[in-house]
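Both of the next two complexes hold subunit A, though its partner changes from subunit B to subunit C.
Coming up: the complex of A and B.
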């Protein structure tokens, strides 16, 4: 109860920490050309494998050190954030719209609609998601839109399952029956009575899914199936860092920390938002 | 004048063929309160749901007619039936906790129906709702209208639901055990409110309950239901003064009395139930839908 009360006043530390990090990372990504201390693509073999600023041998202006080609790690992380966030928003939103709509229909209408949608979800979920993604990108070709499409195609089931279950439990409530007695149409009831009650879950899932999209994108860049290899992405930086882990650990560690913080923040932010959105928890 | 609600020989079955309603006939005259009393599982709620057109999908009506103000629901297409039920009936539900949409404020939730279904202007609906909230003795309607359901107590929510039921001036209200989920102290007030509004508005009520004490207080006529069958129907005073059927007598005998609070609770007499069950089983054996 205390936590809920704090959440209402907007003081939940979870919401602030997670939201703060996301805001910071997003602003950095948006204003990357203004903020990044160096050109993320500029190679300089004289400056290769510089350590982060607190270690001996660090150069000013290269805060987190450089990779094996002498490119500034911080600038690459900031620019990599652009792709991470574009993918996060576009892929998660598409997956959310598709999955939530189908889940709402399956859960509220039941019957044939539910049987068909549920079977498709079952089949879909039998595919290992990462292999499925790699396969899809291989078929669709690499590039930003393919990655977004692939993530949406794979992950809509996550929304569908949860929203279906929620819509089903809402559909059994007496207020739905009252709405039917009053003479509302089925679609009207679905949109006006059921949807607002599943919205908190949609929001929480959407935020969680953004985190997952960031991971999938990183995995795809890790296996060089994401964007063209020139543009830095967190996954491709991790892939490069892995090769020089014994000479320059920071090239692997900093993108990993960035990735983990971002994914964690998305999921925590979603949970905190759900608590604020839900009139009963509030 | 045609009855407000007229049910004639209504039978319903489950998918496995088991009968849940057995040729039920009952009528509610305009402005009258008809109690429908029986144990849990007797099919009281089922009858209410059948009238309102919200039977579960698994329950199928196999014979009989239901008329609302002379209009046969069975002869109307689905849309016309919905419109008729929506315009002339309302429900006071059993559980005020789940009968209001938790994510919508009370005000819009109450006016919505008047505006969307009956085509009233927002202003008129708003005025009407305030008037009804006043009638159910809600002291600060402003606060209630702005509240979410969870911010109100069970008794308050039930008042809101009563106000909502009467707001659209329905001819018939189905009250499905409206006091069962409430505190005993609140039950009495809610019952009195329903009786008051019923008199003021002249609305006919089909009052579903398992509580004979409630029956005595609120209704003019009673139908006693057992296993989906009407075993006795009478004027309320008549029923308590001279119950005709053995089951009714057993039911009345099983009612706890305030005059003797230390008496142990008596269950309904086993031998009466056994007789009834045998009678019903025998009738079911020969029963074919449409042949009585």
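Coming up: the complex of A and C.
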């Protein structure tokens, strides 16, 4: 059996596990008002720091316990997923469109376009990304659209670098020459021939980037620079958990598990998709 | 310097020096262009920030005259291009301005905090290399077995989880569940510190105050591991791959025939030639690691540059942010330059190029 088929067979459970978790988490986020057992914002000091259901002192209906203001942790995680997935899709897609377009242009056309774009990428790479994100959000003002914009502005280089390299190697191949002889224009060739061939890499990166966007959003809300402080986000729950770590460990543990599962799933899902769609591996 | 070494150095410089110098100058130029670009981006980002920086500096109720005078003082009444060059001129002279929130010279503040970050990043880098290389050698030695598969899965998962999440996991495991390490600060506050520089770790070792070294390491260990793990995973993957390629080459086979054990073959023969691609990658990844210190320092309340940067952003302390971002950028391009030159020195193909 050839290696690629072994690889593909080995990848399938990965794809299902990762995809399954993402689907579950996304459905929970979409239908949050229907499935969340409590109001995520309702404070009740009588119910503060309730432990999760299997420990003594737990209250029914508060499955994962409550934070120091008596807010239900599970409901906050479910509602926090809304922000996380909105940011993941919007920011990753924007970064992907911008970066892929510039990467295609730089890689396929080369010359001055390539030189200018590559120089800009160099400049971008000289910024610490987290600091850059925090700075941008501070400048743009907190809020959902600022967070999305900041991530897109910072992370387009990831797509640009990979797509540029792929487009460059594609541009040198014989089939491009044949297409040119067949009378296609340069932009036509780029969109019809080069783009489909770099797509597997784009898809894998896109999935990876969604995971990164989730983390960046969590980091931003951890330092309370994401969206308004009222709405629950995974990062703000973690910030709360970090503070009360010695009194209520569950406030940190559950969002952490959620984040790890989500990030791992996005990256594994991307890898699996890439292996499935990659024409070379297939 | 012994005469033989000097002679070798001379031959080396004659043979390759010209090429290396040329490469160095080209890279240096690119680096300066990059830094200029960084300066423009920082300047633009800060200037489009809503909110008047002057209004933030003055107490409420300041007169229009005061505002105008302060504007002129900071050159804010000039055109944006003029402002940029005035600012750049200051930066080139080491004048990064005065921090608005801390009311101190920005450069002084940055240099006070930079050593803490450098120590943390260096310890993390060393850990990443140690962990990653061990895993790679182990994996290459037992290639095709369950051990290698295990290392592959572990490094794949380790790589996918960012430093921020590793930090949180470590806090839970070794700060709360088994509280063996400190989870906040750089050094225990009750200790009397005899240090004259900010390089606490280096100085504690030099002064043989190993009690202080231990205390510093106890604080540094968890943030360093959080930063090191993703990089260690990358090193493990790449180095193992290179080792496996080299291990099939004739000269390695010869060493094996000579009766060296597999571990000896890897350490004595293969590693040297397999390390080059990893070295280049480690250089680039080291800048990512330094970028990671920003949030990891925050997580562990470690008093480094990154932690100060987040405070500066929260306080909208624009001069301080500018200074910190520029220093990070300078650090990044210097590391890239160093890696590039090291690569040129070590790569036989380039050396003869």
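As a convention for this text, the second predicted complex is superposed on the first by the 271 of 282 C-alpha atoms of A that agree within 3 Å, B and C clash if a C-alpha of one lies under 4 Å from a C-alpha of the other, contacts with A are read in each partner's own complex, and residues count from 1 in each chain.
In the analysis below, contacts are C-beta pairs under 8 Å (C-beta built on N, C-alpha and C of every residue); 3 or more make two chains touch, one makes a residue touch a chain.
Owing to the predicted nature of the structure, the values given are computational and were not obtained by experimental measurement.
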Clash-or-fit label for the pair subunit B, subunit C on subunit A: fit
Touched partner set for A:178, first subunit B, second subunit C, both or neither: first
Contact breadth on subunit A, by residue count: subunit C or subunit B: C
Touching partner for A:17 - first (subunit B), second (subunit C), both, neither: neither
Partner chain in contact with A:120 - subunit B first, subunit C second, else both or neither: second
Which superposed partner A:149 touches (first subunit B, second subunit C, both, neither): neither
Subunit B versus subunit C as contact partner of A:199, first or second or both or neither: first
Partner chain in contact with A:139 - subunit B first, subunit C second, else both or neither: second
Partner chain(s) touched by A:168 [first = subunit B, second = subunit C, both, neither]: neither
Distance in angstrom between the closest Cα atoms of subunit C and subunit B, superposition on A: 17
Subunit B and subunit C contact sites that coincide on subunit A, given as residue numbers: none
In the complex, subunit C residues that touch subunit A: 30, 33-35, 37-38, 41, 45-46, 48-50, 157, 160-162, 164-165, 168-169, 171-172, 175-176, 287, 290-295, 298-299, 306, 309-310, 313-314, 316, 321, 324-325, 328-329, 332-333
In the complex, subunit B residues that touch subunit A: 52-54, 82-83, 85-87, 89-91, 93-95, 98-104, 112-113, 116-117, 148, 150
Residue ranges of subunit A in contact with subunit C within the complex: 119-120, 122-123, 125-132, 134-136, 138-139, 141, 211-212, 215, 218-219, 222-225, 238, 242, 245-246, 249, 252-253, 256, 259-260, 263-264, 267-268
Residues on subunit A engaged by subunit B in the complex (per definition of touch): 173-175, 177-178, 180-184, 192-193, 196-197, 199, 278-280
